[in-house]
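These are the structures, in C-alpha cells.
Here come two complexes built around subunit A, the first alongside subunit B, the second alongside subunit C.
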Partner chain A sequence: MPVRVAWGIQHPMSGHLTLYLDVDGDYVINTEPDVGYTHRGLEKTAEYRHFIQFVPIIERACNFDASNFALGYARAVEALMGVEVPERAKYLRVIAAELSRIMSHLYAQALLSMTGGFETMTVWSANDRELILDLLEMLTGARVTHTYIVPGGVRADLPEGFKGRSEEVLSYLERRIWDYYKMLFQNKTFQDRTMGVGVLSREEAIELGVTGPNLRASGVDFDTRRDDPYAAYDKLDFNVVVFKEGDSYTRALVRFYEIAESIKIIRQALKDLPEGPVKCKVPPALPKGEVYTRVETGRGELGIYLVGAGGNRPYRLKISAPSFRNLMGLIHLCRDVPMGDIPVIYYSFDILLLDVDR
Partner chain B sequence: MSLPIPTPSPLEPLIPGLPPLPLPVLPPPLNKLVEFIATPDFIKLAVDLGLKLLLFPGLTFIMLYAMLAVWAERKLHARIHLRIGPYHVGPILGLFQLVADGIKLLGKEIITPKEAHKLGYHLAPLLIMVLSMTFLAFIPYFPIGEGRYWTIYYTEYSLLVILALTSLKPFIMILAGWASNNKYTTMGAMRAAFQLLAYEVPLMLSAASVVMLAGSFDLAKIAEAQAGMWYIVPCFLGFIVFFVATMAEICRRPLDIITAEQEIVFGPWTEYTGMEYGLIMMAEYVDVAVASFLVTMLFLGGWHGPGLHPLAWVLIKMGVMSVFFMIGRSVWPRLRIDQLLDAGWRKLIPVSLIQVVIALLLVQALKVMPA
Partner chain C sequence: MELGRLIEEARAKLGSDLLEAGGVKPLLLRVKPERVVEAASLLKQRGFNHPLSVTGVDYPERKEIEVIYHVSRLEDKAVVALKVALSRDKPSLPSLRGVWPGVHLHERETWEMLGVRFEGHPELKRFLLQDDWEEGVYPLRRDYKLKPEV
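Moving on to the complex of A and B:
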C-alpha cells in the first residue's frame, strides 16, 4: 500500500517545491508537484507598471540567472518597438548574460553534488561562483539581481580595469573546472549515483517540452543562441554542447561544458568589443501590437509574449518559464524510482520554483 | 513453621573504638554481598572500576575524544572545502565548539510528537548511547602486567561479544523509527534493517580471518599475537572489508544511508530535539571511537610499537583510524541503498572469503613449518 509523503518545504533538500510522493517501501510510485508556493503574480504586476519599471521585477522571476531574464524581456520590448540597440550594447549584453549563465550553472552543480551529501563540491562551486558575482558587481553594481540590461541597451559602459580582472577570473575558472571534472565527474560514487538515473529519451524530451541543457542532454541539437540569434551571438563562435544519453549525469555534464563555452564567449566578446554608445533612445510608449521572442537562459528557453496597447504599460505579458517546462520532465521521471534518486533527478533538472511560479 | 534466619557473623569494626556499623540482615546470598562491601577488597574494586568508568575508557576520555573528534572532523572537512571551519569558540581555533553546541542543546525543549509511542520514543536515544558505551567495556586497552589488561570486563570472547552486540543497533533504530510515528523515520528504520543485511556477513567473515590466525576470540590475545607482524600485512583484504563494513555499521558517509539527510531528513532520528539529539550525535562519535579501537586491535598491532607507552600507541593508532573514518565524507557522495546491498553481497563477501582462504593456508603453513 503506497503512503503519501510530503517531500517538501520543511525538508532539508526540497527548496520551495513540495513533491507529494506515493511511496511503497523505499520506492516512489507516483509524484505530484505542488507548485504555487512562491507565486507573486509577476505577469499581472507587469500590467500596472511602466515597461522600464518591470525590468528589476522580471529578474526576480529567476534570481539565479537574472541578466538572462532581463535580456529576454528587453528583447521582447525592443522587438515590439522596432528598436535596434547599438553594437557595443549588444556585446556588453552578451558578457552580462554569459556571466549570469556561469553563475547559474555553478549553482546547479553545487546543488546536484549536495544531493549525495557531497559537500566538498558544493562549497567549491559556490566559492567560485563568488568570483563571478564579484565580476558582475564590478560590471553592473549588483551581485545577484543586476538590472543591467534594459530596453534600449545597457545601463552603463565597461568599468575601468574590467578586462584585466575578468581575464584573471576566467583563466582561474578555466583551470578550476578541471578540478571539478576530476573531483565530481570522474568520481566513481557520483557516477554510480547519477549514471542511468532519470533517463529522458529524445522523443519524450521533445514531447514534454523540456528545454535548455536538459533538452541538449537528451540528444536534441537546439540552442536559441545559435538557432534564433539575438544580441551579438550571431557574430561569436561557440559550440552547442549535445549529448545522447539523457541521464542525470549527462545533464550535469552539459552544464559543465557550457561553463567552458561561456568562458570562450566572454573572451571573444571582450576582444571584439566595438566602440560606440551603450544605449539608444526608446519611445516612451509601447506601440500597438504583439510579439513573441525567446532567449536561452541558464535553465532553458525563456519565451516572452508581449502585447502593447499604445500606453506605457504592457497590455499583457506572458512569461513562458524554462523551469516550468522542465518540471514536466521531472514529474515524468519521478515515477517508479527509488527514494534515493528523487533529489538527484530533481536537482539534475536545475528547477527553481521562483521561476516555475513567477 | 519459621524459616531459618542466619545470624550475621560478628564483624570487626572498621575504625577501632567505634561500635560496628549496624549492617542490615539479609537472606542469602545477599548477606555475602553485604559482607563483601565491608571488606577492603571492595574498596580496591571500587577504586579500580571507578577509575575505569570515570577516567579511561569511561566518561572523561570519551567526552574528550568526542570534543576533539568533532573539532578535528569539522576542521579537516573545512580545509578540504577551502574554508576555515570553527574559529571563535574556545582558546584556540574553535576547540570548544562542541561544548558550546552541547550547552545550546541542553537549553532546548525536548519535544514529543503527539502521535508517538512515548516510552519507546524516549527510550531509544538512551539505549543507543548505552549500547555504544557498552562496547568500550570489552576492549582490552593495554597490558598492566603478565596476562592482565586494562579493561572493564575481561572475557576470553571479547571480540565475539562485541560483534554480537553490533547487531543490536538496527533494532534500536527500528524502535526509534516506529515509535516516532513519522513516515520518514519509518523509512529510515527499514533502511537500518536492510543495511544490517549488507554489512553483517562481511564484518563477521573479515574478523574470522584474524581469529583464525590468532587462534582466539580474545582481543588481548589477538593483539599480543601481532608482536612480530601486524595482521594488516597477511590480512590486507580483510582489513579493507572490515573497514568498509564498519563504516556502514557506524553510519559514516558515504554509507550513512540510514540517516540520508537529502532523502529522508535524518532517518529514524528525525523527530528528536534537544539533548536527546545530543545523545544520538554523541553515540555516533562513541561508535567511531569503538570502531577505531577495534581496527587497531585486530589489524594494526594493538599496543605494540617502539619507544612509547603502550597506551600512547593505542591512542595514536585509533586517532589515525578515526581520521580515516571521517575523511570519506568529504571525498565521496553517498551510495544508494541497493548499491550498498549489491556491494556488500557481490563484492565484500567474495573478497572476505578469499581472505579466509588465505588465512587458512597461512595457518596450515605455519603448522608444518619447522619452528
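Moving on to the complex of A and C:
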C-alpha cells in the first residue's frame, strides 16, 4: 500500500520544489510535483513596466544565469523592433553570456556532487565560480544579476585590464576542470551513483520537450547557439557536446565539457572583438506585432513570445523557461525508482525552481 | 520537407478552416478550434514533435483569447506556431496532450492563468498559484489589474 510523502518544501535537498512521492517501502511508484513556491508573476509584471525597466526583472527569473535571460529578452525586443545591434556589442554579449553559462554549470555541478556526498567537489566548484563572478563584476559591475545586456546593445564597454585578467582566470579554469574530471567523473563511487540512474531515451526527451544539456545528453544534436544563431555565435567556432546514454552521469558530463567549450568561445570573442560603439538607439515604443525568439541558456532553451501593441509596455510577454520544460522529464523519470535516486535525478536535471515559477 | 509544401498539405486537409498561413520563423498556422487536433496530428506526422511552449493571449476588445502552440522539428530546426482564437466567454479547445505529451504542464499553466479549458486534459488543477486564490479569477487576463505598489 503506497504512502504519500512530501519531499520538500523544507527538505534540505529539495530547493524550492515539492515532490509528492507515492512510496512503497523504499520505492517511488508515482511522483507529482507541486511548484509555485517562488511564483512572482513576472509575466503580469511585464505588462506594467516600460520594456527597459523589465530587463532587471527578467534576470530574476533565473538568478544563476542572469545574462543569458537578459539576452533572450533583448533578442525578442530587438526582433520586434527590427533593430540590429553594433558588432562589438554582439561579441560583448557573447562574453557575458558564456561567463554566465560557466557560472550556472559550476553551480549545477556543485549541487549534484553534494547529493552524492562529494563535498570536496562542491567546495571546489563553488570556489572557482567565485572567480567567474569576479570577472563578471569587473565587466558588468554586479556579481549575480548583471543587467549588462539591454535592448540595443550592452550597457558599457570592456573595462581596462579585463583581457589580461580573464586570460588568467580562463587558463586557470582550463587546467582546473581536469581536476574535476579526476575527482568526480573518474571517481568509482560517483560513477556507481549516477551511471544508469534516470535514463531518458532520445524519443522520450524529444516528445516531452526536454531541452538544453539534458536533451543533448540523450543524443539529440541541437543547440540554439548553432542552429538558430544570435549575437556573434555564427562567427565563432565551437562544438556542440552530445552524448547518447541519457543518464545522470552523462547529463553532468555534458555540462562539464560545455564549460571547456565556453572557455574556448570567450577566448575567441576577446580575440576577434571588433572596434566600434557598444549600443545603438532603440525606438521608444514597442511596435504592433508579435515575435517568438529563443536563446540557449545554461539550463536549456529560453523562448520569449512578445506581443507589442504600440505602447512602451509589452502587451503580453510569455517566458517559456527551460526548467519548466525539463520538469516534464523529471516527473517522467521519478517513477519506479528507489527513493535515494530522487535527489540525484533532480540535480542532474539542473532544475531551478525560480525559472519554473517565474 | 519544405515549409511551403506543408502549408499546401494543411490547406488540402483543412480547406477553409485553415484561416491563416505564412511566415518562416516561426511558420504560422491559424486554424478553427474544432480542427486543431487534425492540424496538430498533421504537423506531428511531418516531424514536428518537440513542443516548446503554449501561450495564451487575451484580447478583450475582440472578445477573444488566442492560444498558441510553438512546436519545433529537430531535423531542420524549423518552428511552427499553431494558433487558435477562442471566444472569451467560454474559452475551450480539445487538449493536444494526446498528440504532444510534452504540453501537459504548459496547458495546465494556460488553464490556470487564463481560464482556457482544455477538453480531455486529465489533470486540470492548480499548480502555480497559491491554494487560496479565488476561483474564476485569471491573473493573465487583461481585466485583472495589479494593485498599486504604494
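Keep this in mind: the second predicted complex is superposed on the first by the 358 of 358 C-alpha atoms of A that agree within 3 Å, B and C clash if a C-alpha of one lies under 4 Å from a C-alpha of the other, contacts with A are read in each partner's own complex, and residues count from 1 in each chain.
By definition in this document, contacts are C-beta pairs under 8 Å (C-beta built on N, C-alpha and C of every residue); 3 or more make two chains touch, one makes a residue touch a chain.
What you are looking at is a predicted structure, and each value in this text was computed from that prediction instead of being measured.
Colleague: Looking at the overlay on subunit A, is there a clash between subunit B and subunit C, or do the two fit?
Modeller: On the superposed model, which is not a single observed complex, subunit B and subunit C fit side by side.
Colleague: Which partner chains sit in contact with A:Tyr233 here, subunit B, subunit C, both or neither? Use first/second/both/neither.
Modeller: neither
Colleague: For A:Gly209 in the superposed arrangement: first (subunit B), second (subunit C), both or neither?
Modeller: It touches subunit C, and subunit B stays clear.
Colleague: Pick one for A:Lys318: touches subunit B only (first), subunit C only (second), both, or neither.
Modeller: Touch status of A:Lys318: second partner only.
Colleague: For A:Tyr249, select first, second, both or neither according to whether it touches subunit B, subunit C, the two together, or no partner.
Modeller: Neither partner.
Colleague: With both structures superposed on the shared chain, find the angle between the C-alpha centres of subunit B and subunit C as seen from the C-alpha centre of subunit A, to the nearest 10 degrees.
Modeller: Taking the centre of subunit A as apex, the angle works out to 120 degrees.
Colleague: Classify the contacts of A:Glu43 with the two partner chains as first (subunit B alone), second (subunit C alone), both, or neither.
Modeller: Only subunit C is touched by A:Glu43; subunit B is not.
Colleague: First (subunit B), second (subunit C), both or neither: which does A:Arg294 touch?
Modeller: second
Colleague: Touching A:Asp34, do we find subunit B (first), subunit C (second), both, or neither?
Modeller: Touch partner of A:Asp34: subunit C, not subunit B.
Colleague: Of the partners subunit B and subunit C, which touch A:Gly116 in the superposed model: first, second, both, neither?
Modeller: First partner only, subunit B.
Colleague: If you've got the overlay open, could you tell me the nearest Cα approach between subunit B and subunit C in whole angstrom?
Modeller: 24
Colleague: Identify the overlap between the subunit B-contacting and the subunit C-contacting residues of subunit A.
Modeller: Residues common to the subunit A contacts of subunit C and of subunit B do not exist here, since the sets are disjoint.
Colleague: Note which residues of subunit A are touching subunit C in the complex, please.
Modeller: The contact residues of subunit A facing subunit C are 33-36, 39, 41, 43-45, 47-48, 206-210, 220, 222, 227-228, 292, 294, 301, 303, 305, 307, 315-316, 318, 320, 324-325, 327-328, 357.
Colleague: Where on subunit C is subunit A touching in the complex?
Modeller: Within the complex, subunit C contacts subunit A at residues 25-26, 49-53, 55, 57-58, 68, 70, 74, 77, 79, 81, 100-106, 109, 113, 127-130, 139-140, 142, 144, 146.
Colleague: If you look only at subunit B, which of its residues touch subunit A in the complex?
Modeller: Result: residues 77, 80-83, 183-184, 187, 190-191, 194, 253-254, 256-257, 260-265, 329-339 of subunit B touch subunit A.
Colleague: For subunit A, which residues are in contact with subunit B within the complex?
Modeller: 3, 5, 11-13, 23, 25-26, 113-120, 123-124, 127, 187, 189-190, 192-193, 338-343
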